[in-house]
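Look at the two complexes coming up: chain A is in both, with chain B in one and chain C in the other.
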Partner chain A sequence: MAAIAQTLRVRPRRDFRFAWLVGPGVAFIVVALLVPLLAIVVFSFWRTESYELYADWNLGNYRTLLTEPAYHIFLARSFIGAVAVSAICLIYAWPVAYFIARYGGRYRLLLVLMLAAPFFTGVILRITALQGLFGPVGLINMTLGELGLPLLTALMYTQLAAVVGHVYLFMPFMVTAVYLSLVNFDFELLEVAKINGARPWRAFVEITWPLNWIGTAIGLVLVFIPCLASAVTPRFLGGPDATSFGMSLAQQFGETGTWALGSAMGVVLFGVSCLAILGMSYTINLRRGGFTGTRA
Partner chain B sequence: MTSWSTEGGSAASVALSLRSIRKHFGPVKAVDGVELHVAQGEFFALLGPSGSGKTTLLRIIAGLERPDSGTVVVGGQDVTHQPPYGRRIGMVFQNFLLFPHKTAGENIIFPLRMQRVPRDERDERLAWALKLLRLDGLVERYPNELSGGQQQRVALARGLISRPALLLLDEPLANLDRELRAEMEVEIRRYQRELQIPFVYVTHNQEEALTMSDRIAVMRNGVFEQIGPREEVYTKPASAFVASFVGSANRLEGRVAEVSGSEACIEWNGTSILVPRPLDTAPGDRILFSIKFEDVDISSGEEGGDPGAGRNRLRGRLRDVIFKGQTANYIVTLPDGVEIIASGTPRAQTLRPGDAVVAHWPATVGASFKG
Partner chain C sequence: MSSAGPVRAIPLGPVILGALLAILYVFLYAPILYVIYTSVSADIVWPFPPAFSLQSYADLFDSSLYGAAMGNSLIIGFGSATLSTVLATAAGIGLLRHRSRRRGLALLVLLAPLFVADLLIGISTLAFNARVLGLPGNMYSAIAGNAIQGTSFALLIILSQLVRYDWQMDEAAMVFGAGPVRCFLEITLPTIWPCLLGAFLIAFILGFNNLEISFYNLGAIPTLPSVAWGSLRFGLGPELFALAALTNGLVFTVFAVMYGLMRSGIVRFGYRGR
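Moving on, here comes the complex of A and B:
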């Protein structure tokens, strides 16, 4: 009896302490994430006139986005760009992450940290550095010019340059995600596959890829989402014909001061991102991902 | 030191041949010149302590390691330079290593899929394997939904389903609990008998090796200390190491006092003991004598009498009886504090700890080696 009484007394206290641990985090998410998100949804049904928001409810912003071809182009451009960047990052990151996880040995951590080296400086600086590489007076074209060779115009303020910039910016996320998945992967399973008759490529398709798909999918989302919303990189590297959805969105809140329309664009962006994540989650089967598998 | 009695039979019946296999990792010689021939349908055990090179040898056979020198012949075909996937070898691991994202059934048919076996035949063989390993009803389960024993059976099914030329087993029972292990020992032996596939079974557990295998190789420091039928390895150890590693034995060390014919008399703790004489021993040589627990008899000190000529007798006091069920170990403390263990059936033994007893054995049993 005494024991029961004691547990009854103790339990609520433990929950209370737990609430203290969770509370600040939840509060922060509510204030810093959910409230602005709600605000955007609300604003998107309002109206802006000469830099002022008016709370008269209407669907005008969405009508504009649906009917104005420019916005379709911006969104399509951003979407295709984000898909391309994710794909390139995927193809590029896998061998790098695989190499580090498999053969990095005691230098693993150092190698992964080196991937983060570009983050030691700001985004603008990194993009400017790329400009200095690709631009008309950049390192590549200067050298080509000195040698009397034709300049690489494909990289001068084009959409391709924006894609290259995005790949450069988001590659570390992809490598890190795949790496973290691979370090927890039991490479012995590959030996088992080979003994059982699988050639290296087949072993990769049958074993390595499915067991690391969740990590890879997380990497893809980490690249795709920010890339879809990106505004700064296409502005610096993309030139006049590369206006992205994110760039246009930023303009609504800046130059043109059309907050309501910008909010509607934000809602669209949020929706597309959610769809992308949803689509990704359809490919994930936790059991098939090996997450419920035997522990080593 | 190394003694091989390689029996092989005709070339056709040899499933696996290893010729002077060597492999080193840095300065460590993991495998140092191993010769081995495993016959068709044979159950062969590689027995040795950890670090003796037995797992490395197994990995060389499987093709997971490349030997520095020597050749690996499987089913009459030199596969030394072939990758693992061309060798028609099955393998079962200590930690099962099932593919966690595939169901039991998918794990089992994996080798068949890799060999592009048609679907009908695949299903047929899966049914056969499920029946053989009593896995019915578990096909749809994922490895983490199976018990340890079930996982090991799935691993065995995966290793056997393609009817490989050779099945390698790397301590397959080490992760199972005792009861299950005993059960699986019998099971594995049964599969091997039924399928007549040669098994090469790596273990550090001498009981396992003795229960299951036809022949045993005892490995230490990368070489075979002895290779032969299990009875021979057990009863006629070729080295002091084998004598102490296989079975449970008392180890006595002494100097030869005199020799006569096939016997040697050694001085051991002030007592004279008759032991089989190793070749070329002369008085003064150091001798390592080992005698299995079950070869030592024990009788009450009062009965005393003369246990007969040609027997060694050691008087002492019974310290304890370790009851093990079918047998019991009798620990006898000699006057100088040294302990001798005798093993026997705990029949109508009236002996109690503290009793004066005599431990005795015929002078012809046991194995002695020049130390």
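Moving on, here comes the complex of A and C:
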């Protein structure tokens, strides 16, 4: 059968089909995402005055961002927070995803969907609930108070609270990404390694980890990018000293109405994200990574 | 398939890993349970010691705001999930089945939204709509805005599941005279539907509960997240807790049904092991 199919294959027609199938998605992303991003690049060189954008080209917004130390602090704070959250998610997600992929059996899909289900409750409500559990008048602290024990203050309006909040919100992304990679990983390779005398740890370092690095890297990006831009979580969990780059950015488009400066901040945010992704992509070796799943 | 490794003598490893998963579930669901608990308690600010009341549910059904917000969230969720799944399915099949020199570039563009934060998508579409097109906030841009990331997530799920699909079945059908549409409906779809459903579900959840993209694209039109966001300044309405509790009840019911179906093996949801 395959041979007949092979002879029927006509090159130009297949290229044409590729364009018809993939084209709409690509066109949609270009129109809906890339064009608006280009618009804020343009606006970042404009000027805002009393809530109106004026098209006189200048570098003032970038000068502000470069010279105003507050913005450096916001960006550094967001960046360090995002790195910490990504690291925590990476370390915790791997064993969990490994368990689901390897031992989940027929319930694998359900186990993964259960990680996604908290997303049905909106971000705001989940953050409020976290406060209700960990906050100063939350369940844990009131219980500790009743028992006469010292209160858990580390999670009250601190940067640590914001980190915990982000881990809570983004851990499912990391687990799912690693899981989707592991589910296509051929675990027989580990048997081969074992037969050839490799200890489990060595087999993991030399086979499992590198062959699933692409999925892991995607997971890290999925956690890092929203953390870097996060505006809502630090606002409600982080307390007064946790103003993040995203919070400040959102303010430019809300309360203060300085769209041009906000656009420049958006460009900077996008630039930093791109640098992080570029750094990541250097670690990916396409010849070693990728799916090892055997075809049915 | 991978799952069926030979049974080990030492089950300690899996037990520890399973415990880590259980701890993660507890961490993820503790706030959810707190929301459900609060929804039936008399005082949402300090709901201890327990005093129960169904007032928040009564308020929920009396209020028209929440109905409208729920409706809008559902429309955005369904609209963006449908758009995402259709685009991602077509793109996924195209990428896997038809070779092209532009494959790498197409994949890069299709996954690019994963690398752009919600906030950035929100403000850039707001800036573009308001200042370039002169459009006010509207549902269509909110649906499109949410479908941007939805498409990437859906594609990621579809690609990771479809790499193992055997396209020779489709080629066989084509040889026997089935057109591409019929071939898709009768051969491809019956095999891959669980993965499309998964992609649709994820895209739906993302669109249904998105705060930042929807907020900037909608202006004054309420959605559930934006109502929650708005009411946060003067304390969350108890109705929101009630609504979240009802939503979670529905989700848990669906999961229970799925569990039953999986256990009895009536529907395998794409699982092809033992």
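Here, the second predicted complex is superposed on the first by the 263 of 296 C-alpha atoms of A that agree within 3 Å, B and C clash if a C-alpha of one lies under 4 Å from a C-alpha of the other, contacts with A are read in each partner's own complex, and residues count from 1 in each chain.
Please note the rule applied: contacts are C-beta pairs under 8 Å (C-beta built on N, C-alpha and C of every residue); 3 or more make two chains touch, one makes a residue touch a chain.
Not measured: the values here are computed from a predicted model.
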item	value
Combined model on chain A where chain B meets chain C, clash or fit	fit
Touching partner for A:191 - first (chain B), second (chain C), both, neither	both
Partner contacting more residues of chain A (chain B vs chain C)	C
First (chain B), second (chain C), both or neither touched by A:129	second
Which of chain B and chain C A:40 touches, first, second, both or neither	second
Touching partner for A:113 - first (chain B), second (chain C), both, neither	second
Which superposed partner A:207 touches (first chain B, second chain C, both, neither)	first
First (chain B), second (chain C), both or neither touched by A:199	first
Three-chain overlay, vertex chain A: chain B-chain C angle, C-alpha, nearest 10 degrees	80
Which of chain B and chain C A:175 touches, first, second, both or neither	second
Chain C versus chain B - closest C-alpha approach in the superposed model, Å	6
Touching both chain B and chain C, residues of chain A	186, 188, 191, 293-294, 296
Residues of chain C that touch chain A when the two form their complex	2-3, 5-6, 14, 16-18, 20-21, 24-25, 27-32, 34-35, 38, 45-48, 83, 87-88, 90-91, 93-95, 98-100, 102-103, 106, 109-110, 112-121, 123-129, 131-132, 144-145, 147-148, 151-152, 155-157, 160, 163-166, 168, 171-172, 174-175, 180, 194, 198, 201-202, 205-206, 208-209, 211-212, 216, 224-225, 228-229, 232, 236, 240-241, 244, 247-248, 251-252, 255, 258-259, 262, 265, 268-274
Interfacial residue positions of chain A with respect to chain C in the complex	1-2, 4-5, 8, 14-15, 17-22, 24-26, 28-30, 32-37, 39-40, 43, 53, 92, 95-96, 98-111, 113-126, 128-130, 132-133, 137, 139, 142, 168, 171-172, 175, 180-188, 190-191, 218, 221-222, 225-226, 228-232, 236, 246, 249-250, 253, 259, 262-263, 266, 269-270, 273-274, 277, 291, 293-296
Chain B - residues contacting chain A, complex	62-64, 83-85, 87, 89-91, 93, 95-101, 110-111, 114-115, 142-144, 151, 158, 162
Touching residues (chain side chain A, partner chain B) in the complex	186, 188-189, 191-199, 202, 206-207, 210-211, 287-290, 292-294, 296
